[in-house]
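As written, the chain order gives the labels A, B, C, D and E, with residue 1 at the start of each chain.
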Amino acid sequence: MAGRIQARDEQDGAGARLRQVLDAYPHYLLLAVVAIAAFFAMPLSVWLSLTVAGLAMGLILFVVSSGMTLIFGLMGVLNLAHGAFITVGAYIGGSVFLMLVGWPPLAAVSHALLIFPAALATVAAAALLGVVFERVIIKPVYDDHLRQILVTVGGAIIISELIVAFWGAHEIPLPRPDSLRGSFVIGGVAFEKYRLFAVGAGLAIYWGMLAVIHKTRIGLLIRAGVENGEMVQALGYRIKLLFIAVFAAGAALGAFGGVLWGFYEELIHVGLGQQLLVDVIIVIIMGGLGSITGCFYSALVVGLLTNYMGFVAPTFSEFSSIVLMVLVLMWRPQGLIPVVKV
Amino acid sequence: MHSSTPPALLQARELSIRFGGHTAVEAVSCDFATGTLTAIVGPNGAGKTTFFNLLSGQLAPTSGRLWFDGRDITRLKAPKRAQLGIGRAFQLTNLFPELTVRENLWLAASARTGAGFAMHRLANSYMAIRERVDHYLARVSLTGRADWLAATLPHGDQRKLEVGMLLALEPRVFMFDEPTAGMSVDEVPVILNLIQAIRDERDKVVLLVEHKMDVVRSLADRIIVLHEGRLLDEGEPEQVIASPLVQQAYLGEVLVPADAGAAPEGDSP
Amino acid sequence: MRLLSGDTPRSTVLSVLLAAIVLALAFAPFLFPGPLAYRTYSTICLFTMLVLSYDILLGYTRIISFAHAMFYGIGAYAMAIALRDLGPSWLAIGIGLLAGLATALAVAFVVALFSLRVRAVFFALVTLAVAVGFMTLVSKLYGFTGGEDGIAFSVPRVLGPAFKLTEEPLAGFDVMGFATSGNAADSVFKVRTSGMLLLYYGLFVAAIMVFLGLLRMMNSPFGRVCQAIRENEFRAEALGYRTVAYRTVNVCISAMIAAFAGALAALSLRYINPESMLSFDLMVNILLITVIGGMGTLYGAVIGTALFVLAETYLQSLLAMAHEATAGVPLLPAVLDPERWYLWLGILFVLSVYFFPRGIVGQLRARAQARSRNMQATSRSQ
Amino acid sequence: ADDSITIAHVAGFTGPLEAYTQQLQHGLELGFEYATDGSNEVLGKKINLVTKDTQLKAPRARALLAEAYTQDEATIAIGDVSSGVALAMLPVAQQYEKILMPEGVADSITGANYNRYIVRIGRNSSQDAISNATAIADDGVCISTLAQDYAFGRDGVAAYAKAAKARGATIVKEVYLPAETTDFTAAAQRLFDSLKSADGCDEKYIFTIWAGKGNPMGRIKDLQPERFDIKLTTGGNILPALVAYKQFPGMEGATYYYYGSPDNKVNDWLVEQHEKRFDGPPDFFTAQGMAQAMAIVAAIKKAGSTDTEDLIAAFEGLDFDSPKGEMHIRAADHQTLQPMYHFRIKVEDGVDWAVPELVETIPADAMDIPVDNG
Amino acid sequence: MTTPLLSLDGVHTHIGHYHILQGVDLTLPRGELTVLLGRNGAGKTTTLRTIINLWQASKGRIVFDGEDITHWRTPRIVSRLGVGYVPENMGIFSLLTVQENMRLAAATRHIDTSRLEWIFGFFPALKKFWKTPAGLLSGGQKQMLAIARAIIEPRALLIIDEPSKGLAPAIVKDLSQAILELKQTDTTILLVEQNFGLAQAVGDQVAVMDDGRVVHASSMAELTADTPLQNRLLGLSLEAHA
């Protein structure tokens, strides 16, 4: 069925040129508008530290959201169980970390280093969970968004309940290693160490994802598979494995986000993922469902905006991202960088 | 065609549409007068379906104007144009799959009556619409399958329903996009007879995209040739088909010298 | 037939089930004693209305909205605030109802404007965000809405437990008690003819009216066009239907019915808070009931709601029984732990989405259809 | 029937607060055992403790409570630990004219939404706030507060500010944030700014009241308030949450209960039995549950009957023993007045959580808890 | 005669509830080009798809070079046996560039440049649009790309579904040239074609389908010679409307 497609007006002239640029780079524009508006609303030192904090928070949000947008973008599956993956990640990462910390042979090892094996274990376990989830829950409902929504919501319930059955309903404190506490203070502006750590992780994941999708044959296959899975098979590739892998990657990303978030809040609880899901959804809709780049920039914008608003008008900071999302959608109905036609 | 005739019902002026860098229809100007059946021919990708989309409002032109009954309808959306009486059948079958054949036809028959927003009366209680549905059910010989879900119909019957819906809409402009494609040989005449009957009423505009040249010859009053989005030629069927430009661009060198009569273009939808 | 707008159950099993549900609800106060049972059967009536209104959105027009619970909440809050601020009077009820319907209409209209621009999944996610935002707003405006603490209020005496319709209580017969004890004499109980009884019958009648009304609406030209939009929006436009207008009207009507149900819920509960009126869980329940019951049938809303509310209320007790019964068996008791009842609900959801893709009603109808076709085939071959 | 007394515990045994409800249930069981010397009988009747799971849903809670009063013929019902659900249950008690003892902390339970069938053994948020003010506030102390932007947060800060000012402290700024906030950088900026520029302060504090999951203290601490000589203060918490307090050695505040703080034989018994049965020390809500049970037994004994009116009369002005020592139920609003504990955080090796070392016990009469049910 | 490269033996295929193929028997002689003819909906495409198991045969056997491949999965059939497939709808990845489309089609990492030049010789447009997203190509160019993908590497079996569709007549000529050249390289080809002219020009063997069965199979020469038979069979596929 041919969708209604608007032909682009291609008039010449400076105005049209500007519109073209804005059309091509809406994410830069949005980021700039938010940052510049805030610049005039607060003292410089405050602006600096909030900008740094906001960008870092944005990167954490990106990590937390990227798995969901990846799965939607590449497989067209709307996975509302993403929040549950985030929670699972926090639990697995947290427990492995606490176990390692409490293990005598490792007593001499810096706790900060132990985050890495914990994260690794989480990613592996979550990927496995993702495979099971894809096989058991998602496989029967490819191509049916409505049933995907239902099934993944059901799956999320099951996962959360299993978490409670396994770990109990208590909150689990997850003290962060001392070396990731506190800030570097430079010229009166505090840069939190953990946020800098998260920035590193977020950027690495972003570039990693872009590289895999745009530079490797696997990325090529995935992009092709989304458009025409049958043809990919007819070229001799086993698309099922590919899709399972994508789902596993999405789950692993979500879980890694959960670890990152668990250490940020220093507390793990069953509602952790659900509580993040709304922000995740705002980020991925605003970015353009399925777009990694869009997700990245809209996460940054949301991170910045909530920080600025938290200073200027804390009462409204909660609504600010929803309002922004609505505005962005009125401007660009498919989000900043649309990829998947919905 | 003749300066004495009243202005044509449908007039396209310099219609163009561009997709990214590709111009699918380029500056096509053309008049369609009541009482004529115009066949649109051209190789695949020439822009025939796109041209239909421009006329019926599924696509908005990048530039150019469109008049219907003396009124500029360039910016009107598809529903509005259908309300005015520009109806079309689709090249790829385009039905309401989980509704019955009768309901499909009902939707077409009531579309221009304005009954759609009524909530207090049952849909089946509109006698006039019901009669129309029954009438067109018979015309496309689907009466026996009236209660089948459209999705369960064989392909050929789906094509018939597609045409039936256009008829039930009772528009003033009929657009058929390869109506017989995918239909089995013995059923093709049913549809062609229907189109012929509309043409013979001589108060409608009929547009027909068709690859089969014998069909075009027997039905069309006029032929338009599209090639790479441009209007290559137009005129009386025999004259257009004979023109060397058309021979080269559309029909190509004849590959089968044996059957000189039949056009070699045997391509499927 | 007339009553059902010609849209009959079309399955014997379905007809029997429906009749059983309607009969049980009609005599519920006289068959099931106790406050929890009262809560259960009034909830069935309330949710039936709510789910019916969602079905015309999701089932008939395929608009996936996560903001439906929000409209339910709007109706409930309007009613609660009116009764709290104006005191327990009929006037307050009238004002609350009207305010709820008007607010729902206004909000729905704005939300529907979104459906002009974005579609399907996008719309679903946007409405999700909007609903969450609304819930936050309600918690924040605690001066007006009572915040997280909600609003407790009184209703006119006639609708309350203190009002007596008849001096003497009527007699009821506890069917469940009879089924377990087998003792007929012990199963007779007293039914106090209080305002609660009156209120319940109000709900019951309202639910029936909404059902019949919507059945008619969905068999009207409007309903048929909605279905056409669900099936093939592009083609509906090509025929000349302004689908956006239909979708907007549909969203508005559906929202107003949800608000109506919400207002009645507030009357019946006499206490509301964001958790019970606006939460995501509530929304998920609506969605699940609609799908499990069978989308686009309206009958599914009735069956689905009855089953779901019963499961939600009593699954835990059932599990407790299973838990005790399997006490000796290793491993089983752990999963049958009544505290994990929600796990089982989740599993049931997933399974029912797999095995009843067309919902209970869809499945029953398909079975009935297959059988009648087979019978035709055999009778023809004879 | 006639030979037993039914007490119904109607609370969220599943859902987000199930851990708390579990603690309460353990406390109740231990409390009845202790108060009846293991016989579980009072006035010669067996105490029958039934439980009903509200799933933390208000409508369900109301129906279950009604069921407890009618079907189960409960003499007394113990309500939900969530303030929201507890508030929803209050009118039901009035309607059925039976006693309800809710466990939520909202002031309005024994305040604006009070009815005479409500008796609360647990603390209210004013008690929390005022005890915290009592622990810190003094002449020359400057305090900025951080709380969630809803009734609980605002009321808490108001009570805190009033008590702190009464003790000579200055409240510099009140910052309120949305309840779900997780990023506290901006708020910390505002709080730092306010205290940096405040004059005449010997000590500067940021006081936090935060219910739920966010961890504002840790986030503020990350921004190194010590740069500006600002200290943090907040109330105590349950043991799992105390783990996070390890970051704040030396921090002072006031708490409802820590198992090491009270010095009496009830508490000794509780700690010993709890260690034995549940393999760990008792927590906040275990103590509260035990106090709850002991209050019930004391009231029934005093009333000599299980008639509601007799019990109400018995509860009013009741003094009873508890793991926190003697408590008093105020007749005016049925709120229990009780001691609180001023603590200083100490990090001990081998203890999983930070120890809120007792500085002093704040006796009940040192705190002026307003009566608000008028 | 040597054993055929591929043979279908009583193959049935169901799509959903529809029984489409109702016992197809077909053999492809090694190194020859077999043309499959038949009216719309006869089941030609279904046959092709069934061979590489895009639709599962519900009954019957498919044998490739003596090996029963009926239950092999598509990727295995394609990669193990070396099958090139040009689907009816072309199966272009429109978001990928022409180059990327070609890269995916080649099993090896590096595309053989001389072969590429050979392909460009027939389809110069592909060279011109090498780095262009394939979605922007015209219908005919897409068809060229689809064919190019199928022959980017030497294949044991080429399955081509209506390649002339959407190609301008001039290019159809090039196409038939290409196919003739491919035949020289010992490739077995199964071609569905409605354009009888093209079919006649390139085909060695011919099979005609109707209603999910093969109703006629012979050498092309035989069919060309027998005009009455041609009229009887191909009246179905050529224009019948008078």
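Definition applied: a residue touches a chain if its C-beta (ideal position, glycine included) is under 8 Å from a C-beta of that chain, and two chains touch if they have at least 3 such contacts.
Chain by chain, the UniProt names read as follows: A, C = Branched-chain amino acid ABC transporter permease; B, E = ABC transporter ATP-binding protein.
Keep in mind that this is a model prediction, so the values were computed, not measured.
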{"item": "Chain of greatest Cα-centre distance to subunit B", "value": "D"}
{"item": "Which of A-D and C-D has more C-beta pairs touching across its chains", "value": "A-D"}
{"item": "Mean-CA-position distance for subunit E and subunit B (Å)", "value": "32"}
{"item": "Distance from subunit C to subunit A - Cα centre to Cα centre, in angstrom", "value": "35"}
{"item": "Where subunit B and subunit D are represented by their mean Cα positions, the distance between them in whole Å", "value": "76"}
{"item": "Touching two or more other chains - residues of subunit D", "value": "18, 149, 178, 180"}
{"item": "Shared-contact residues (touching 2 or more other chains) in subunit B", "value": "19, 58, 78, 94"}
{"item": "Touching two or more other chains - residues of subunit E", "value": "none"}
{"item": "Subunit C contact footprint on subunit A (complex, rising order)", "value": "1-4, 78, 137, 140-141, 145-147, 149-151, 153-158, 161-162, 164-165, 274, 278, 281-282, 284-285, 289, 315, 318-319, 322, 325-326, 329-330, 333-334, 342"}
{"item": "Complex contacts: residues of subunit D adjacent to subunit A", "value": "16, 18-19, 22, 149, 175-178, 180-187, 189-190, 193, 213-215, 218, 221-224, 227, 240-241, 243-244, 246-247, 353"}
{"item": "Residues on subunit E engaged by subunit A in the complex (per definition of touch)", "value": "52, 54, 73-75, 78-79, 85, 87, 91-96, 100-101, 103-105, 107, 149"}
{"item": "Sites on subunit A touched by subunit D in the complex", "value": "46, 49-50, 53-54, 57, 164, 168-173, 175, 181-183, 185, 190, 192-194, 264-267, 269-272, 275, 303, 306-311, 314-315, 317-318"}
{"item": "In the complex with subunit B, residue positions of subunit C that touch it", "value": "5-6, 216-217, 219-225, 227-228, 231-232, 234-243, 246, 249"}
